[in-house]
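When the chains are written out, they are named A, B, C, D, E and F in that same order, and each has its own residue count from 1.
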Amino acid sequence: MDNMQQQFVEAGTLMLAGMVFVFAFLGVLIVFINTVLARLAIKFPDPIVVPHSRANKKSSSKAKGDISPAVVAAISGAVKRYRAQHGQDK
Amino acid sequence: MDNMQQQFVEAGTLMLAGMVFVFAFLGVLIVFINTVLARLAIKFPDPIVVPHSRANKKSSSKAKGDISPAVVAAISGAVKRYRAQHGQDK
Amino acid sequence: MDNMQQQFVEAGTLMLAGMVFVFAFLGVLIVFINTVLARLAIKFPDPIVVPHSRANKKSSSKAKGDISPAVVAAISGAVKRYRAQHGQDK
Amino acid sequence: MDSLTKLWLSTGLANFELGQIVMMLVGCGLLYLAIARSFEPLLLLPMGFGAILTNIPIAGFSEAGGLLHYIYYAGIDTGIFPLIIFMGVGAMTDFGALIANPKTLLLGAAAQFGIFATLFGAIALNYVPGIEFTLKDASAIAIIGGADGPTAIFLASKLAPELLGAIAVAAYSYMALVPIIQPPIMKALTTEEERKIEMKQLRPVTKIEKIIFPLGVLMMTIFFLPSATPLVGMFCLGNLMRESGVVDRLSTTAQNELINITTIFLGLGVGSKLSAEAFLNVETLGILALGAVAFSIGTASGVLMAKTMNKFSKDPINPLIGAAGVSAVPMAARVANKVGLEANPHNFLLMHAMGPNVAGVLGSAVAAGILLALVGG
Amino acid sequence: MDSLTKLWLSTGLANFELGQIVMMLVGCGLLYLAIARSFEPLLLLPMGFGAILTNIPIAGFSEAGGLLHYIYYAGIDTGIFPLIIFMGVGAMTDFGALIANPKTLLLGAAAQFGIFATLFGAIALNYVPGIEFTLKDASAIAIIGGADGPTAIFLASKLAPELLGAIAVAAYSYMALVPIIQPPIMKALTTEEERKIEMKQLRPVTKIEKIIFPLGVLMMTIFFLPSATPLVGMFCLGNLMRESGVVDRLSTTAQNELINITTIFLGLGVGSKLSAEAFLNVETLGILALGAVAFSIGTASGVLMAKTMNKFSKDPINPLIGAAGVSAVPMAARVANKVGLEANPHNFLLMHAMGPNVAGVLGSAVAAGILLALVGG
Amino acid sequence: MDSLTKLWLSTGLANFELGQIVMMLVGCGLLYLAIARSFEPLLLLPMGFGAILTNIPIAGFSEAGGLLHYIYYAGIDTGIFPLIIFMGVGAMTDFGALIANPKTLLLGAAAQFGIFATLFGAIALNYVPGIEFTLKDASAIAIIGGADGPTAIFLASKLAPELLGAIAVAAYSYMALVPIIQPPIMKALTTEEERKIEMKQLRPVTKIEKIIFPLGVLMMTIFFLPSATPLVGMFCLGNLMRESGVVDRLSTTAQNELINITTIFLGLGVGSKLSAEAFLNVETLGILALGAVAFSIGTASGVLMAKTMNKFSKDPINPLIGAAGVSAVPMAARVANKVGLEANPHNFLLMHAMGPNVAGVLGSAVAAGILLALVGG
């Protein structure tokens, strides 16, 4: 089967060329990331988002059962109003 | 008007064939529902969703004005915190 | 350049015809708004939405820190329940 | 001055024909019904607008190269738009009430008598001078009685494209008029006692039933009526996407963005068929008359079928729900509910009427398939 | 080895032509403007990307069978994409400010002088060797002065498709540059006192006015300028869907998913016209220069018209709002507001500038219709 | 009686061929896998449904004028649908993990050995009587090893449209089977110690890197492999829309409505290729067998490459993440994570496996480009 043999040769060549190319392509991409992108990352760093003591808030709210300060403020007001309306705790 | 008469015959035949067919079709569908689907419904019942005493909760929350336990928990915590912060009720 | 001159004439005519037309068109639209639409507006005024004392509610809630009455009611209930459960403030 | 003459000759005023003006007024009428009366606005608004656009002199919206020309030939002539709509409707349809009470399928079947009686009536109209309906025309007109917009558009685009505009106008107008057309017929054919009948609560339907149902419907259509499979197939695909629960993002898109986009273009495309030549003739009057007849007969047959079934059924059946068999989902079911409530304030028929209502959709798709198979060949 | 040679011959490196590289850089430039400068990113990002894709050697994006080829011929050559965009823009537009103060329509009219003066200028550029603009070309270029993207693309696709790329680039670039181009002109033509003028609060506009307005605009366009009805018609359809309140789901889809999908493909399709042959020539430089002139003249005419009207008007008119007549919605209105605030911190012109701003959209659609009617035949 | 005969002759029952019944059962099987087993339901549900529709006798769904015919020729034959899907996938992809650890690109490269080995295997299958795969066929089959649905559909539509149905079924079925196919191979090729390896936390990636990355990938594809630019280009466009942050409304639409609409029609269109003639033959069995081989070899190559890299790398590399190089995003990454957790409950590999996972998408698009360039000519 001469034809089959020829096809195998073609398939083999394709396999070789293909794998070489894939590795070369993605290899160059590695170089691109390690050089171009790395330099860009240094030159144009992400703006630092000042978390205005968000970390603190988070940890404190976690310690107290994950209630946000805004909700606490709202509830504080509500409790005050409730008392004013009901004349309790005086 | 021979032509008209023929058209009426055609229309009449269409009406008859059509209504018979529609009833037959939807009738077979009734059989399908009463046999195949009914059996499937028995064989593969819907999974029973365990409402983990949801009914209880619901009724209790309804009695107390539709406030979910989670909200109550949150508010309890908030009230505690509020007191701690304001030094009241001591 | 006879050709150029002719083109200029054409362009000039276009400019004149165009600006006249644009002004005429939008001018008629002014008339349309001032007559047809104005009359329609009088004949079919927008239904007056009765705000059923929404304004009151808004101002009162604003005075108390933007908490809606519904939330206050919910919290009042929650606070009551909390006390009942914890036997405080008695 | 040359420019001014050219400009004048390019105005609409210099080129209007009477028919175009009349058709624009028809378009404005459709807009009025859609906006001021909320008559099926999702379709009548773009359709009315399309009617106006297509009748603009010179602009050539519906000539080769015009926007409406592209829309019509890409979406309606091919049948693609109504089929996409049908998929979306399928994704919106809950067959639960029908599966819980399968007898109601017979009501959906009976109401299709409106279609076939109208077919007969359309042929009879050939006695009127100026009207000459072929059997294809008559079939396309008759489907108005199915009270299902996309089905009517689909069938008309296949059997009688030149009548498409009038048929679509009639179908959607009467669908919008269901709350006015149906109640008198329903009351005339039922007794006060019958209207008061309360029905047994429906059993819950399992997920597997809802998943297998569209597949069963499709299989039966394949076996017995392949010509209905475009309509029924897309409907069942939509319903399967809905009930399977594994492709919720596709189902949501089919029920919302995809059906919305298609509805805009379907309406414009149908409107483009409202040209003076095609609409301003005796035949259109005939179609409008036949449409009213079709809805009335369909409603009556549904109610009478329900009356009969109530006599033989173990569980009571309120004859009013028979009227919902014409489809016009969900309006007809709401009408049945309302008329029932008038007779008996504790009588909530809405869920019971949804059974015949969705059965009516299947019924008219089946009827469309029969007409395609027997007349369309 | 044979494979390797074949592989090499199939690389871009082995097939690049200089023009393609330059055009890819132009594409990258558009991406830069879109991403880093936020210049009209919704269109310039896909357009820049399309410019890169269309210039890839061998890949054949814009040849028969290529993706951009399909997009261009299905959506832009037919005019469908700009018309869908126009419908969406109509659904986003609130004519309230215009109806409340209809005089501002004159400002929208005056600003169109930018278009017609540019037309004259484009013909004059024929004195430059290498530039040979026909009247059609000149008209397509002039529409840049309308400061309305879809109108420019629609007109260019009808009158001068080979210039479409350059025209779209110029139109969107200058629209993005409005905050830079307009203020110096506005300040040069007004006094400090004029810029400080506060305007009377606008009256509320009723629902019926907002519903009838698009229909009135459409009717007038039909009567006087049918050639503008594709643009104006789709715009009014979108606006009617918005204001009628009965088809909110269609209106929402037109304003969001439908316009988004179309924008992606419109951008890619326009980008596909940025080939080296069509773009890298003196004519493009001419178009870019004319575009700047067009915007400047349009701004100046609007401001001068407002100055004049202020002299004769009972209610004071701040001349700055005249600049908003070029359209470029809503950027030009914001610019007017900003320049007004600089002169007088209590001077909020935004709502007043929205009137001429949307009037400018109508004005340039009308101008486009005139050019189509007189030059397009 | 004539009508009844005509009606009978127009039923499916009177016209069924055996092959059609078998293919409908295949369609039902796909629906079963999609619904009951949640196997890639987004594509397999519409595909299974399309397979049923296309095999309905008489209905002519896939003949000229039929719905599936239009869908196939407008969306799949042109390559438009897979490219739109690819844009949407690009808009959903976060390359952060890959940029943070670029070495993982080599894993995505190694896993493509599954493709090229299968190409060899497909040619070898020509020894089996009844199978005759050309090099084009073999290439289209081999791409199943890329574990990427739209890439497989795109390539098959270009190289071997008559095998498209079988290839798509195989590709999506095996992608769904990844959690079953991969773990035994992964465990067989790694030691318990290797599977326990914990990897260093990834560095944060800046916005500029994420924006430039898709452009860099596109540029390299343009330079070295223009034939891959349709796939890679649309993927990068989607990713750029995502990362640029200036066109969020386009990005959201590309990730949701647009990809959903396209998925429905892509599935139906692919299903329409599941006709008896095209599917019921030995070649399909060969394709199914080769698909399993392809996935297994790809998985193995990825793992072995990772083992090798771990030996030479400063930072430890868990060989399990190599298996994610076949793509099948994000399933393969989850499998790597799960197998890692089994060996070491503190071992969270998900983020690390996302690198090779998305590298695999690029890798198979590159492989598809190579096959197009060398075989497609």
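Please note the rule applied: a residue touches a chain if its C-beta (ideal position, glycine included) is under 8 Å from a C-beta of that chain, and two chains touch if they have at least 3 such contacts.
Keep in mind the model is a prediction, meaning the values are calculated, not measured.
Taking B-F and C-E together, the pair of chains sharing more C-beta contacts is C-E. Both subunit D and subunit F derive from one sequence, and where they touch, under half of the residue numbers involved are common to the two copies. Repeating the A-F interface with over half of its contact pairs identical by residue number, the matching pair from B-F, C-D or C-E is C-E.
Using the mean of the Cα atoms as each chain's centre, the chain most removed from subunit D is A. When chain centres are set by their Cα atoms, the one at the greatest distance from subunit E is B. Centres computed as Cα averages put subunit A at a distance of 39 Å from subunit C. Note on chain placement: the centre of subunit A and the centre of subunit E lie 37 Å apart, centres being C-alpha means.
In subunit C, the positions touching at least two other chains are 14, 17, 21, 75, 79, 89.
Contacts with at least two other chains are made by residues 3, 7, 224-225, 257, 370, 374 of subunit F.
Remark: subunit A residues 13-14, 16-17, 21 touch subunit E in the complex. For subunit E in complex with subunit F, the touching residues are 3, 6-7, 10-13, 15, 24, 28, 31, 34-35, 38, 41-42, 45-46, 49, 52-53, 56-59, 61, 65-67, 70, 256-257, 260-261, 263-264, 268. Contact residues on subunit D toward subunit C in their complex (touch as defined above): 2-4, 7.
Residue ranges of subunit B in contact with subunit D, taken from their complex: 4, 7-8, 10-12, 14-15, 17-19, 21-23, 25-30, 32-34, 36-37, 40-41, 43-46. For subunit E in complex with subunit C, the residues that touch the partner chain are 99, 102-103, 105-106, 108-110, 112-113, 115-117, 119-120, 122-124, 126-127, 135, 138-139, 204-209, 212-213, 216-217, 220, 224-225, 359, 362-363, 366-367, 370-371, 374-375.
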